[in-house]
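Presented below are the structures under discussion, each in the form of structure tokens.
Note that subunit A is present in both complexes that follow, paired respectively with subunit B and with subunit C.
For the complex of A and B:
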């Protein structure tokens, strides 16, 4: 059962501000999401040796350097930037 | 009341792979901000991580070198927390199925520090705080780390210091990390508590972070031990919290209250598949490991009969030990080579970095050649030091500095002549010797040595002197 306290706690951990009046609605929605996930859990699946659906293991990459992106590309979606850094402003 | 210190370590070690753990960006230290980044390591939606095979190999090497059991099956998990150093708002780490478990490192006092686990994870980005604003550089984000967690087995600051040194030594020997604390490629967090001596129950612990040298670790632990004891003695109680060490003031201060483990809401990383480690692969990696410092130490002290203090110096860095091994090859007394290394060669290596790199003009093979000549009597003991100095200056072999006549020593006529000269020049010494003062012979010996410019063999000179004095 998802409780209001759960929502408050998740919001706190996620550094989200949730309005008091939205709490009940969010609790209800979160409950539905969890129930949906439970439905998936009910499906009987035969897994192999490894706990993923394709029964895969050891998908590795060689330790070979490839070029990184230019800093302009990296910072393209940054809400704010300064001196080639992502900038996180002090919260008011 | 007396209080016992109880401490455990969590050590992050940056692995020396070429690329990051989940993408092909370089792990090179430094670089302009945000130039070692790609969509994977800045956590853009729709990207998928792919595990670097070298990270798994290095972690297994670290596990084997610390006597861990290597898991047959391991997996990655998400550790969730919101902070700007982590662009995805989660760190990919290992929770309940780490690669290595149940190892140990043995200290020189014989105590074993148990290693609970070694797991792999990604490093976070670097934050620069400026007047409340935060500048973020993700070059370090995604650099592979191993986290080595010990049991709370430390009972003194000295044990803690030795552990960190041993860990550095082992990781450098096997070549998985340079373990430079100043550059942050090795970072220690210490969990520390105190309890009345004799008590079995653990006290409430605090965790100290932000120490960038072994000296600081020791100072922080000493400070925190005193602080906790004072707190308890004055009727207070230790609060479980994370502390930051400030080396300018040598104090600890609260960083944030300790988050409970479940606050991280660990869950299976769905973007990465299981890691399966076949036993044959573990054996293959075990075979590839170099001889470890503890094994070398044992061999040097037991087989070579080298004093423990000297063996410690010889094994401190791999380059020294390997140089010694080659220089001591097939010698009747490997100690001879050890003494030259720890004496004349060490004198030329001023800093720790010099010793670690061990760049010496004389090759180990050349030192070996010289030691063999000493053992066969071709080179006289008293010439060896001078010869080695010249070898170390020039990089030339011993044969360049020791002439045929030097090697042959003095012929009997010359020896007799020099001895007679000495007897004539030092009648008092002769009288003293005749009067029973054995030591007086040394003065005469010195005189002969001077005449022969060190080429004479001390044993032969003494015999000859005794014969002549009668």
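For the complex of A and C:
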């Protein structure tokens, strides 16, 4: 059973802000999704071997020094920036 | 349907039309109909015309041009394009202009692409109708009262309505094949690892794959062969095998499997259309083999658990600091990030992040995430066993045809029903297999029905060969009233 407290807890972990007035509806929706997910627990499977689709392992490239993206280009997309840095204000 | 790419290529080479004229035709039709169809989020006339001009100059110099050179196309708006807004149809990425190109777009630029713009999609590719888009859904070109399908709905609408010759979409749980099926065109989801995903904005990384949406099977083969290249920037990349050389091969003696479970719960007319295609294959000398694949019964819930878990991690990067939307008012860093994400993400995306966090959290991890991973292993093995007996598997692409606008989000429909509509497409992503959707009929409302051919890993050539032979025998492509007529 999914409770309001569960939703508040996972919202905190997910860094999502859930409005008090939406909490009941969201709890109900999540309960339905969890019930749907729960159907897998009715299945008995003996296998458990799955790592990745094409069984690749240790995919490394050569550790070569390459040119990085220019700082001013990267900062262009930042909502706020100052002196070659991302800017995060305490409050706004 | 015959290859539109070859047709236009011949027109360009014979100078029947210049590439700039051609591109202007497409831009004009997009201008005319995008308000109604909502296929494009961003149209890029400057980029397209500059690219077209370069092709014309090459032709004028008497140089040979490649098949894809000068062919106007579109990219789903989750494929990064340097300096061109890439939104994932989300408010949280409004104004975001990537500083690099996705590998697929780089490869196409080397081939002389003309990129008309970026197309609509479900927000972060999470949806089956294109309606979770912040910009509203793309409409079905066969009837605008119905959805395009999703998540690559904008590409499917654009290609179905001849507002682009072809497009690239992405398929995590059916997002290329289902909208292609709803819009009556061809959609290829390649093998996991065949096409580089560098620059594709991630939803669920162990499922995501880029592939072509086209009007004809041959076009899908042409585009696939151009983009299925190994890329060191994607650690899962392996590249693909060329499909064009064997496209026209005889299919006599090919073994086509039909898993009984794929037909469960499928609407009667859709089932009939698929079975009549099976009959067609038999007439062409292929063998139809019915078999059981009981593992399909738990493919859907296990897929959603894993996809949501991966999404909750992938979408952790949207914090309002480095790019995209940022909340206007807040008190403290945690509050700023929470408000940014709650205001920036739509409802469906938030539900999936919450659910993903839930199945990964202490106390639930073993019961949900770990169990779903184990089931994934069982599904992979079940397909491996099936492919010992058959060359391809034939199945419906979706259990129904296009939904009416708003249906999935009306009060009577709960969100589980939306998830259930992905039942036929999801198992392919779970097992990392290639599959192509081709039109196989229409329903009583005139809406297209699609079927998919599912192949062994990295065996795109066999499914495209079989799709091509079917399409040459039974042409189910229906032109719409929209777009460029050539």
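As a convention for this text, the second predicted complex is superposed on the first by the 63 of 92 C-alpha atoms of A that agree within 3 Å, B and C clash if a C-alpha of one lies under 4 Å from a C-alpha of the other, contacts with A are read in each partner's own complex, and residues count from 1 in each chain.
FYI, a contact is a pair of C-beta atoms (placed from the backbone, for glycine too) under 8 Å apart; a residue touches a chain by one contact, two chains touch by 3 or more.
No experiment lies behind these values; they were computed from the predicted model shown.
Asker: So, A:59: does it touch subunit B (first), subunit C (second), both, or neither?
Answerer: A:59 sits against subunit B and subunit C alike.
Asker: One more residue to check, A:68. First (subunit B), second (subunit C), both or neither?
Answerer: The answer is first: A:68 touches subunit B but not subunit C.
Asker: Check the residue A:20 against both partner chains and state whether it touches subunit B (first), subunit C (second), both, or neither.
Answerer: A:20: touches no partner chain.
Asker: Would you sort A:11 into first (subunit B), second (subunit C), both or neither based on which partner it touches?
Answerer: second
Asker: Which partner reaches more residues of subunit A, subunit B or subunit C?
Answerer: C
Asker: Have a look at where A:37 lands relative to subunit B and subunit C in the superposition and call it first, second, both or neither.
Answerer: Only subunit C; A:37 stays clear of subunit B.
Asker: According to the stated criteria, A:86 is in contact with first (subunit B), second (subunit C), both, or neither; which is it?
Answerer: In the superposition, A:86 touches subunit B and subunit C alike.
Asker: Taking the stated contact definition, name every residue in subunit A that is touched by subunit B in one complex and by subunit C in the other, in rising order.
Answerer: The overlap between the subunit B and subunit C interfaces on subunit A comprises residues 13-15, 49-50, 52, 54, 56, 59, 61, 69, 74, 77, 86, 88, 90.
Asker: Please give the residue numbers of subunit A that touch subunit B in the complex, ascending.
Answerer: Going through subunit A, the ones touching subunit B are 13-15, 49-52, 54, 56-66, 68-71, 74-75, 77, 82-90.
Asker: For subunit B, which residues are in contact with subunit A within the complex?
Answerer: Listed in rising order, the residues of subunit B that touch subunit A are 17-19, 24-26, 32-39, 42, 44, 50-54, 56, 73, 75, 80-82, 84, 89, 128, 131-138, 263, 265, 268, 272-276.
Asker: Spell out the part of subunit C that touches subunit A in their complex, as residue ranges.
Answerer: Touching subunit A from subunit C are residues 95-97, 99-100, 192-193, 206, 232, 235-236, 238, 297-298, 301-302, 304-305, 312, 316, 319-339, 341-342, 345, 350-351, 353-355, 357-359, 361, 367-368, 371-378, 380-381, 414-416, 419, 431-432, 457.
Asker: Hey, which residues of subunit A end up touching subunit C in the complex?
Answerer: Interface residues on the subunit A side: 6-7, 10-11, 13-18, 26, 29-30, 32-34, 36-41, 43, 45, 47-50, 52-54, 56, 59, 61, 69, 73-74, 76-80, 86, 88, 90-92.
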